[in-house]
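The next part holds the structures, each set out as structure tokens.
You will see chain A twice below: alongside chain B first, and alongside chain C after that.
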Partner chain A sequence: MNTVEDGTQGDVLAGEEVAHGATPSTHARLTAYVRRGGVIVPILTAIIAFVVGGLVVLVTGHNPFSTYRAIFNGTGLNWLFPWVGGAARKTAAFDLQQTLIATTPLILVGLAVAFAFRAGLFNIGGQGQYTVGGIVAVWIGSSFAGMPAVPHIALAVVGAGAAGAAWAGIAGALKATVGANEVISTIMLNWIAIWGGVYLFGLGGPLQDPHQPSVPVSSTVKASAKLPVFWGNAQLQGLHIGLFIALAGVVLFWILLNRTRLGYEVRAVGLNPDAASYAGISPARNYFRVMAICGMFAGVAAAMDILGWKFNLFTNDIQASQVGFLGIAVALLGRNTAVGTIAAALLFGALQTGTSDRFLDPSVFDPNLASNLTLMIQGLIVLLVSTDVIALRVLRSGRGVAVALGRRGKRQEPRA
Partner chain B sequence: MADSKRPALELRGITKKFGSVVANDRVDFDVYPGEVHALLGENGAGKSTLVSVLYGLYTPTEGEIVVDGRPVTIDSPATAIGLGIGMVHQHFMLVPVMTVAENIVLGQEPSRGGGVIDMRAARARVRELSERYGLAVDPDATIEDVTVGAQQRVEILRALYRGARILVLDEPTAVLTAQEVQELIEVLHRLKRDGTGIVFISHKLGEVLQVADRITVLRHGRKIDTVPRQGATEQSLARLVVGRDVLLSVEKGPPHAAEPMLVVDDLHVRDDRDLEAVRGASLSVRGGEIVAIAGVDGNGQQELVEAITGLRAPTAGRVLVDGRDITGRGVRAATEAGVAHIAEDRHRRGLVLAFTLAENLALREYRRPEFSRGGWLRIGHMRSRAKRLLREYDVRGGGADAYAASLSGGNQQKVAIAREIASDPKLLVAHQPTRGLDVGAIEFVHRRLIEERDRGRAVLLVSLEYEEVRSLADRILVIYEGRIVGEFAPDASEEELGIAMTGAGAGARS
Partner chain C sequence: MSVGTLTATPSRLAAPRQLGIAGLVLAIVAWVITLPPALVRSPAPSIVVAVVAIAAGSAALAGRQRRLGYGAIALALLAVAGAVADTRAGVGHLKVVFTWSVLVAAMLRYATPLLFAALGGIISERSGVINIGLEGMMLIGAFFGIWGADVLHSWVLGCLVAIASGGLLALVHAIFSIHLRADQVVSGTAVNFLALGITGYFFIAHYGPNGTPSRVSQVPNVKLPLIQHVGFFGGAIGNTNLLTWIALLLVPGLSLFLFRTRWGLRLRAVGEKPRAADTVGLPVLRTRYVAVVASGMLAALGGAYLSVAFVGSFNQDMTEGRGFIALAAVIFGKWRPAGALAATLLFGFSSALADRLPTFSQTAATLFQALPYLLTLIAVAGIIGRSRAPASVGIPYVKE
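Up next, the complex of A and B:
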């Protein structure tokens, strides 16, 4: 190859037409897009969702700007502004604690979905895994009276994680052995978990609180199993250390995926199962491992709620909870990345707190309507995030769009 | 030969730029009625760009297109079709669930009025065309049920149905078996006789010499030369294509075959449809020799390779590598016993396209302690080794952190080959290792395989390319319907091999 000028050697061996060589290859562009757009697109998505939500507010005859400001203040994020002082600051601090309390489990259930995505699986079972984790956490937390705090908490958290892992592992094992689609099996497992929980804590159920025979609720978590509060007043539902456990989960997620053999195998199976088999990685074995890890995250998420601020489980809470499902939205918006999951969980956590009737000023916007607004914004985000795939298609076919997006993105970045 | 004085189609000084890259640089090209004019060049030489210009997919930056003496502007494929230009793409543009006849008339359906398609007329027309040119197809068969060769015939028929007088075939033989290639060449001869001008794009020198009347060679977007077939040789064409002398048949010394590294004994393997694809194959490969499995595609090669490399469990028989029984024990056992496998399809199996090169280069060996210890990946080692291999194998287009997808086909194949050889195997199974590669890259792969042989490795080559088998192998085994039906020396004639490959020859020469 010595007589060929060096500069053109690449073209000689170029597998694709020069036409493609002229611009970066489709994949190179997609990669760049995901890297840049990985931040831009979700932000755009959220902004569009808020704009549409604002239009709805406008139609109902309210001022969207003051509504959003009220919601924002309801989240407590105004605590971050140094000029907020005095009583407002105290309120803000409390509100922010609530936002972060809501964010904590969302991070973990987001990871439960994201990890599956990275392995090419779709875990719709976050809710069931969360439920099972909650059941075990409340059971362990309310038992073992007299146990010292650290082992008690550790036991409850590990137990909840193991329960979630086992629950999700069923779906993984079914896929590995008989090829059952994990979407279907995790959805079915959700219902088994939910109704199982309703049975356990329902009237006459084996784990119903013996001190309140007429209330369908679990026993209450012992003080030794409660997660310590590090910000705010424990009596007023201050922020518990579960936030750090969730952040540790994010670190674990990243390390698992990027620095361990398991993560390497998981990603290989997710990106190209045929190539993985060719390398001697068994996709079947991976299905089980991946689902178990997902379930572990979701189970720990429930432990954070139970041991952090709920302390018991009502049967109607089990039925009404949406945390596990929100995990799907968190993972989608967070693009299945570690950092993205934190950001997306914070957004959803803030929305939840900001529009709840406890925190939103009713004179600005009726909180009942506002919580619907939250649902709408969440729905829009999921819808828009799903259309990402379409956006990618468009980008693939038209370079112009990519350039336009890139430019728009650049202008947007400082706002991020 | 209607008017052989005047070209049916003429491209004058076509230049096509994409940004700063010049894909075609003042290229002249013409084709006369009743002539096959081959367009030859490596991947990326600008062949497809030129054809896209002529089919209205790209607008040329400069230059002129003349059809039947009249300058024309071709701004869309519809215009091209209107001017009598038909195109058979490398990737077929057919609707899989529709019938042959429906696909052919699609877009120009004969109508009985009131928007009702006259399928009887369509079938009749299809039959007439197919008989006239010897393009055997069943008008009522569904596309997804017919062979690739038949799909290609449908594509050709569709072009003819639309009145093509100039037929452009983009790498038409890439997807065909040897038998089908011969049938295609027959068809092209008939079309020629009928006055059709044919543009034949290929990077296979042998075929071009067999089918073309004139050959135009492109390199780096420029026309290097147009030569008549008479007097051209593979060697002379290769020099034009690559710009230097190419060793078409690799020089190699005599084998120093040692102990048997691979022993396959009475192997039976079932395919995905649960049919027995390998039916009692036995063979052995010694260290220091290249044994080639030759045969018509679909005679059990795929399943044989998968059984040897651990991807598929055989139903009976044994596979021994260096004395270790790895029968049905999976890829890991095979890898640990020293089997490396250059996969037939690098996109399906050989690479994870969304992995970086460093990650891809670790796929075979990531379980070894240098790559991972106690479950932890050793990223530093993965990257530094990747850098070394990329340099050693002259992989261009990206470093250790580049994604495999961003590389060209030839460079991707180098990555796959580098990984397999670097795992220091006792047995290297190379399945169609040069598929889709151009002359320069093929030469590299061939040289590498011979080097590995000379280092004492056992190499099992499975190939559909007759030339490749002959120039690399120390022994040729012919596979037919899942059995090894003959063994030949590398100097066996094409006829001898061909007869054995169709199962006709009972004779084996050992």
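Up next, the complex of A and C:
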């Protein structure tokens, strides 16, 4: 879908500036987008989405300001304010731990989508790769009793990453060999993974927990495979070290993309597959490698959730999870960059925690409503990020005002 | 090519195409004879029939009918496996699961929402706009359909409200992907998120924890007076929902429209070669707008079928990926209404079977749910014939 079909392939590199019917690849458009708006456009995009969300709150008879304040307090980000003290600070610390726990997998699935974008591929299959990774993580984590902690954790994380890589690799291989559109194949792989997980852990399934035969759930992860908690109480779901693994993933993403031959080839294929293959870079080989790396990120994301705080996998959790889909929103808002992904993941992680029924004060706003408000805001953000035009227009009119003010200022200067 | 030389001139003796089709039919027969009503209790006859089917498939292969040939051979092998499983199963179980009239009725029930959405998807994609947002459009139709039926006390108005809501959501997708030239997959993803949020929010805000009221005006079933009590047909189609009939009638309607009318030709031209269409004066952007909005309306009607006709209530995320199955049906059916019908019937049958299989085994039933996705993955992989999308699907059009 990203290739140009009607004979004007030479113009692809020109990016947004192409004036003919041909359209640049997704990557070309996204780079143009990054070049023009800088960091302001994504921030503006998020703000617009929050304003629209606030309007919905207002229309349905609630106070948007107190709602957003309650959501903010639920995220624990007020911990960062030095004036929050005493009991409030303790609560905030706990809430912030939860926000960061939610942020951890989002960073990694964001990278899973962003890496594909940089190669001109659309990995809509983060959810399936995440699911497969989770299945393998919980399987390894709940087996091998008596294994020392470090190799057990390493085995589970590597296994989950490999499973995600293999799952995404199917889509990459299909794209490379028969040219199957990766959007379609990854969507199909998502649902195959989800139903596969429901089969494995469902009642009578091969990996269902034998200790509770009437519950559709996996076996519980052994203590040796649980990620250590470094902030907060391990019994009360403190912050596990997965956050550092996710940040290491970000570093890996940046190095892979910017400092390796692989990254160079990936970016070249993303910019223009034809030019890349003319230069001796095989797009087919890179499609496979890119998808496998994406799947690896998503698989590790699931391992962080399973080994960090979930410890088992319910079938209805497999079906309801949106983490992998959120990766698309994270990658787009973060503009497929390493640092942007962290910021966007933190935003969505905070939203998720702040609107969950555990942390949002129900006397201010019904958490059931709020979690749907989150979905709406996420949708709006993806929608607005899908085209830079709106945010840019707002920005430009803002700049126009600023320029006009500036001129007036300058004119006034000589008088003064 | 040894088989080819055996049959001398396959094109004259028996056309390879016919041989392939015969192989497919024989493979199905090999399986069906072990089911009620025939209930052959030994796999031997099935194996004999399957071998003949494989021979026919090989002959078709030799005659360069790769798709049919491999299809017949694969199906014959599956049929043998199925026949062996059937003959080992209890007769009582088989009779419970394979009550054909009930299975067909259930297949139609499951296929209806998929068919509406798939037909919508075909219109949109034929005009050159990918519609990943079918899922969201179905969901919004499901909620606003039942909301309309509840508030306005009429299923007709409920369906109209659903259609309007789906059209509006599709308009958002259209504006972003056509006018603002956003990436169509991203925009469609956004539509899915939005629909999930909007329906969930208003569902909670309006109905609260009690959910939709139990007595909502529902789309009636059509009771066919002549065949309602006539054995198989009575059970299968004698008491089918009105929307199912509408969906089935839409198939030839859309087929005629796409391939036999001027407007259909224009729609396809816009999706294949927008530059050429523009050159001869066709309004490319306007055509795409109309197509996308129409697809949203159809998908929403499919969603409304779920809430207003099938279940009679709404719950959050009730479409559960049916929009993606519909998308799969579009591709599996090669962007043709008849193909989409075949695909949705197949997917519907697999759901119907999954529904009844728990008497056998819960786990097998679950795996049947994955079948549509697996088949579509195989289809896009080109193993059973390559699906070719409209040439310009996914590419925004810029007027010169």
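Quick notes on this structure:
The definition used in the following text is that the second predicted complex is superposed on the first by the 353 of 416 C-alpha atoms of A that agree within 3 Å, B and C clash if a C-alpha of one lies under 4 Å from a C-alpha of the other, contacts with A are read in each partner's own complex, and residues count from 1 in each chain.
Operating definition for what follows: contacts are C-beta pairs under 8 Å (C-beta built on N, C-alpha and C of every residue); 3 or more make two chains touch, one makes a residue touch a chain.
This structure is a prediction, so every number in the text was calculated from the model and none was measured.
By the touch criterion defined above, A:T60 lies against chain C but remains apart from chain B after alignment on the C-alpha atoms of chain A. After overlaying the two complexes on the shared chain, residue contacts for A:A329 are found with chain C alone; chain B is out of touch. Residue contacts after overlaying the shared chain place A:L262 against chain B, while chain C stays out of touching range. More residues of chain A are touched by C (comparison of chain B with chain C). Residue contacts after overlaying the shared chain place A:L174 against chain C, while chain B stays out of touching range. Common to the chain B and chain C contact sets on chain A are residues 1-2, 4, 18-19, 21-23. Partner chain C is touched in their complex by these residues of chain A: 1-2, 4-6, 18-23, 26, 29, 56, 60, 122, 124, 174, 178, 180-181, 183-185, 187-192, 194-196, 198-199, 202-206, 319-320, 325, 328-329, 332, 366, 368-369, 371-380, 382-383, 385-387, 389-390. Contact residues of chain B toward chain A in the complex are 18-21, 23, 42-46, 48-49, 52, 58, 220-221, 242-244, 310-311, 330-332, 334-335, 341, 343, 348-355, 359, 362-364, 366-367, 372, 375-377, 379, 394, 396-397, 403, 405-412, 436, 438, 440-441.
The residues of chain A lying in touch with chain B in their complex are 1-4, 8-19, 21-25, 27-28, 31, 259-264, 267-268, 271-272, 274-280, 282.
The part of chain C that touches chain A in the complex is made up of residues 130, 132, 172, 176-177, 180-187, 189-198, 200-202, 204-205, 273-275, 278, 316-317, 320-321, 324-325, 327-328, 331, 361-363, 366-367, 369-370, 373-374, 376-377, 380-382, 386, 389, 391-398, 400.
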